[in-house]
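The two complexes that follow have chain A in common; it is paired with chain B in the first and with chain C in the second.
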Partner chain A sequence: MSETALIDRRWIARDAERASTARFLLWLFPWVCLLLLGIYAAGLCFYYGLNQTNMDNRFAFGMWIFLDLSIIAMGAGAFFTGFLVYILKQTDLKPVLNTAVVVGLTCYSGAVAVLMVDVGQPLRAWFTFWYPNTHSMLTEVTFCISCYLLVLILEYIPVLVQNRQLRRVPSFLVFEHQAHKLVPVLAGVGAFLSFFHQGSLGGLYGVLRGRPFAYRQGFAIWPSTFFLFILSAIAVGPSFLMLVVAAAEKITGQTLVDFRVYRKLGFISGVLLAIYVAAKAIDTYVWLNVTSPRLGFGPWDYYSYWPFSSTFLFAATVPLGLLPAILFIVPRTARHRGLLLLAAALTCCGVLLNRFVMTVQTLALPTLPFDPFLKYIPSWQEVATFGGVLAYGVIVYSLSYRYLPMFEATKGEAKNVSLD
Partner chain B sequence: MFPWTDGFHWTPTHIIFLSLFGAALLAILSTAVWGLWNTLNAFRKHLAAATCWRQNFGELPATERRCRHELAGRVPSRLCDHAFDCRTCPNYEKLAALPANAPASLAGVSYSDDLLYHRGHTWVRSDWDGTFAVGLDPFAQHLVGSPDAVQLPEICEEVESEGVAWTMVKNGHKIRVRAPLAGTVISTGGPDRDFYLKILPHGQPNLRHLLKGPEVAGWLAAEVVRLQMQMSNGKTTLADGGTLMPDLMDNEPGADWDAVLESTFIDR
Partner chain C sequence: MSARYGMVIDLDRCTGCGACMIACASENNVPPAAPRATWRTGITPMLVHTLSNGKEGVDRREAFIPIACMQCEHETPCVSVCPQQAVELDKSTGIVMQMPQRCLGCRYCMTACPYHARYFNWWDPQWPPGMEHSLNPGVSVRMRGVVEKCNMCHARYHDALQKAAAAGKKKIDLADYVPACVEACPTGAIAFGNLADPNDPVTMAAKSPDAFRLLESIGTEPKIHYKTTQAWIRALADRNSGRPTEAQHV
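What follows is the complex of A and B.
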């Protein structure tokens, strides 16, 4: 074993089986290249401005916002798993808790990083906190996401200090012990914040009176999209978590969690997805028959522009909504790992499609008689910046998996040790 | 959002909104501060070593958490759930009264019946002046041989039970040796003397957590098996009946010494 490999091995949990240093570096290489390309593209946007993108004053929300909304929804697995484990005491989900935290942290920090580029004036990013628009849903989103990112960082620290070498620093070990006592509080605060910002992300479309495709009626100050976004986020969070763990198992060739954990995550996802599909169906029915006609738009005014046909609506509701819900809930299909993962993938695709429709289709459709149908294709800088975020997520998860006890902590847990 | 922001009104909606976010932010910051404060307090009140030890103990595999009474052959199988602190074990008296049936072989290592042994491979000797001498036990000496460097605490320095008593360096490996009891260091020795530290405890110490008599033989037998397994890298094991080779770290440089030392000195 070379000296480098020996040093690397000393940072890996003692009983953990990990790839050789060379193999791990080979795995990281393309992702590091993608990250560097993303940083370069973001640098161009910082240096030259948002003219590097294909967005304009009419099409102000593009690929970045669509994918931001999507990864924030998928990162909901972090708060929801924490809520299930610490508040609802579903301790059998503990094996995926560390993964949920890392996935949540990468999703949220990645989304915030892209938003910093999207703001166009990163040096004035703090204005959103100091001079907030009190009438904007985005204010609530900004505050909640920033606070929740703090929560995720605090939740990640105890995972981080479980590293084999960091554990040798007594202050880290004591802090880890203290931090574990705080995690239920953070899980509660995280659930509260996530509930509101997931909702507000939907709410900000639902309140757009000038965009009949997105505008919805609702309850009190919240349009129906507020609740639909929460439901879809907590439905897709566990699904995405399943896919991440399954991908880690496939890549490492190891069984990391018991199949019962998959089934439980699937069942939770399925029940929530079924509720979401039912609520979405009612919402769509009311919107097409009541809300939209009142604003002077018939249902087909939205679906006659290629490629935004009614297929999108059908796809988001049936094959990417109802079907995975059935696959998750029916015991015969839920017994098959492959079908469970297929359902999880369909759920993620459904939420991606929903966020795409709410972001891109909403802005593309004309709202006034003289408005043209707008077309938008992201520039390479937009794609590369988001590719950088994807690479960042993979790198952080890979490093966390390699050097932190993501699953080992629960595998060899000494059940009867009193720590107080 | 804030009272100084244009558009803010002292209406219930704005106040509720501001209060909710203020409460959430306060909860996050106060939990972080609370965690840091408790960490600092643990060091100030000398609880840090015990906390670290319990955290480390929680990471030990079941094979390394065997109760002293199992090692002594008093009970067929029992795992410790008190972080090897028999002073807090409610079953200690009952189990200690059972007849022992420990293996006789000591793998060529001599252990004294007059000494008490800590699971981190140190021995403790009660001296006539009320102090306690602490040294490295023969098993650890066979492993480490002559250390390349030793860092001992200063005279008058406080050591905490299960905290770091002293550190050694051997072939690039840093070894932290756990203190078997708490107290003030009044004298330091080293590899060339018959002790490493002399400790004056605060009051009369309770040393029930230290091994003695037949427990030592059983514990040593288990440690030798563990060492054989680790040095054979999980492949073949050595035959019974051999004796422990001196200066193992020098004689077997290719072994996974990180793993061996972590297990031997319970420093995961």
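What follows is the complex of A and C.
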């Protein structure tokens, strides 16, 4: 065994079954390359400015905002699983809790990193805290995401210090023990913050009176998209979690969680998705018949431009909404692992499509009567920057899986050690 | 009583010469377009669009419509969305002000603007050697990565305020405050005035049967009014009249 492999082995829990060092490095290699490419592309944007992107004055938001909104929704599994386990006492979901924390942390930190590239003056980011406009949904998003990222880091540290080498430091053991007492509080705070920022992300577009395609009426200061984004995020969070765990099982060749956990996550996703589809249908009906006509816009203003026809609306509601909800809820289909994962994938695609429609389609559609319909194709720098975030997520999860007790089944020695 | 500065643009007089665009850029230190800039990435606080009735041959009709910030009075879309109060509606003038020094460059205000009258500085501002001497010393140059827009030549407003103060007056004389585009228009198509004054010729023109505003239905109360006697332009400007036709940019 080479010296590198020996050092690597010392950081892995004793008796834990992991791939060889060489195989692990081979797995990491393409992701590290993609991460480096992403860092290079982001560096170009920092150095030369946002002219490196294909965004423009009309497409002021582009692929980055669309994918930021999407991965933040996918990362909702973190706060929602914590909420289910610690607040609603659904302890049978505990086996996926650590995965949920890592997925949430990578999704949120990745989104924040891309947002820093996406703004023209990133060094002025603190201005939002110093001169906050309390009427702006973006202020609410900035405050809640920053605070929740801190909560996720605090939730990740107790997992991190369970590493075989870090556990040898007595103060870390004490910290971990104390931190566990704090985790339910963090779960509660995280759920509160997350409900707000998931909603505010929906509100970002819902409040745009000048964009009748996105503008919605609502309750108090919040447009209906505020509530729809919360619902869709907590519906897709468990689905994305299922897909991540299933991918980890496939790649490692090990059974990591019991199938009952999949079924429970699927059922939760399905019920929430069904409620979301119903709410979305009512919202769309009210918007097309009341809100939009009042602003002088009829359905032909939205659905007569290829490729944004009403097919998008149908796809997001039926094959990517109602169908996965049925697959999740009906016991006959929910018994099949393949169908369950298919439903999870469809749910994720549905949320991706919804975020795409809210961000990209809103900007593509003309508002002035003589405006042209616009197209936008992201530049390689935009794609590569986001590729870097994807690679970052895979690398962090891979390292966490290898060196930390992510699942009970692959914990190794750690499962026998307890301060109590 | 505070003023409400606004404009009435007579589309029947507009020849689409673009003098207003040039005057605006020159007055407000808008840098020459970067080599890779397009009409979608350039900075044109005043932009003249070409309208057509969509027909061909002898039936074809064309007109020009200058678009600048509409200085929305009600639920100003860009003001409420800015996360760091870099945009505000000046209560004393009705002008929507932009503070580039505080702008984060998030471009949320651009997304919110239904008139597409906000512009992002995609490139560093650069002038060819020697041309920097032509810069207006009364207007700050904006840096890369911030948003800007028409502020109705605010430097000229300040000059008028100073002149009034020197003369011991509390109010400006409207003859001292004329935005660059109004001054440059060779046909006098753009009229500028105080919409809060019922006797101002601009206020009366804004109330004439030929006058209209763009996207009035969304309820933001824009302070830029248009005027035309041509029915097809009115029909085109009215969203409820049917499908949009094409437009080009000067």
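Definition applied: the second predicted complex is superposed on the first by the 408 of 420 C-alpha atoms of A that agree within 3 Å, B and C clash if a C-alpha of one lies under 4 Å from a C-alpha of the other, contacts with A are read in each partner's own complex, and residues count from 1 in each chain.
One rule holds in what follows: a residue touches a chain if its C-beta (ideal position, glycine included) is under 8 Å from a C-beta of that chain, and two chains touch if they have at least 3 such contacts.
Source: prediction; values computed, not measured.
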Original post:
First (chain B), second (chain C), both or neither: which does A:P366 touch?
Top reply: second
Original post:
After lining up the shared chain so the two structures overlap, which partner does A:P132 touch, if you call chain B first and chain C second: first, second, both or neither?
Top reply: both
Original post:
Can A:V119 be said to touch chain B (first), chain C (second), both, or neither?
Top reply: second
Original post:
Is A:G210 in contact with chain B, with chain C, with both, or with neither (first, second, both, neither)?
Top reply: second
**OP:** Considering only touches as defined above, state whether A:S304 meets chain B (first), chain C (second), both or neither.
**Re:** second
**OP:** Kindly classify A:P170 by the partners it touches after superposition: chain B alone (first), chain C alone (second), both, or neither?
**Re:** first
**OP:** Give one of first, second, both or neither to describe whether A:D56 is in contact with chain B, with chain C, with both, or with none.
**Re:** second
Subject >> Contact residues of chain A, present in both the chain B and the chain C interface >> reply: 130-133, 135, 139
**OP:** Would you pull the chain C residues touching chain A in the complex into a rising list?
**Re:** 34, 36, 38, 40-42, 49, 51, 65, 67, 75, 77, 80-86, 102-108, 110-116, 118-124, 143-147, 214-220, 236-241, 243-247
Subject >> Parts of chain A lying in touch with chain B, wherever the complex brings them together >> reply: 9-10, 14-15, 130-135, 139-140, 143-144, 147, 150-151, 154, 164, 167-168, 170-171, 173-179, 181-182, 185-186, 189, 192-193, 221, 412-414, 416-419
**OP:** Spell out the residues on chain B that touch chain A in their complex, using ranges where they run on.
**Re:** 1-2, 5-8, 13-14, 17, 21, 24-25, 27-28, 31-32, 34-36, 38-39, 42-43, 48-49, 51-52, 54-62, 65, 79, 81-83, 176, 258-259, 262, 267-268
Subject >> Sites on chain A touched by chain C in the complex >> reply: 49-51, 55-61, 118-121, 124-125, 127-128, 130-133, 135-139, 142, 204, 207-212, 294-298, 300-301, 304, 362-363, 366-372, 374
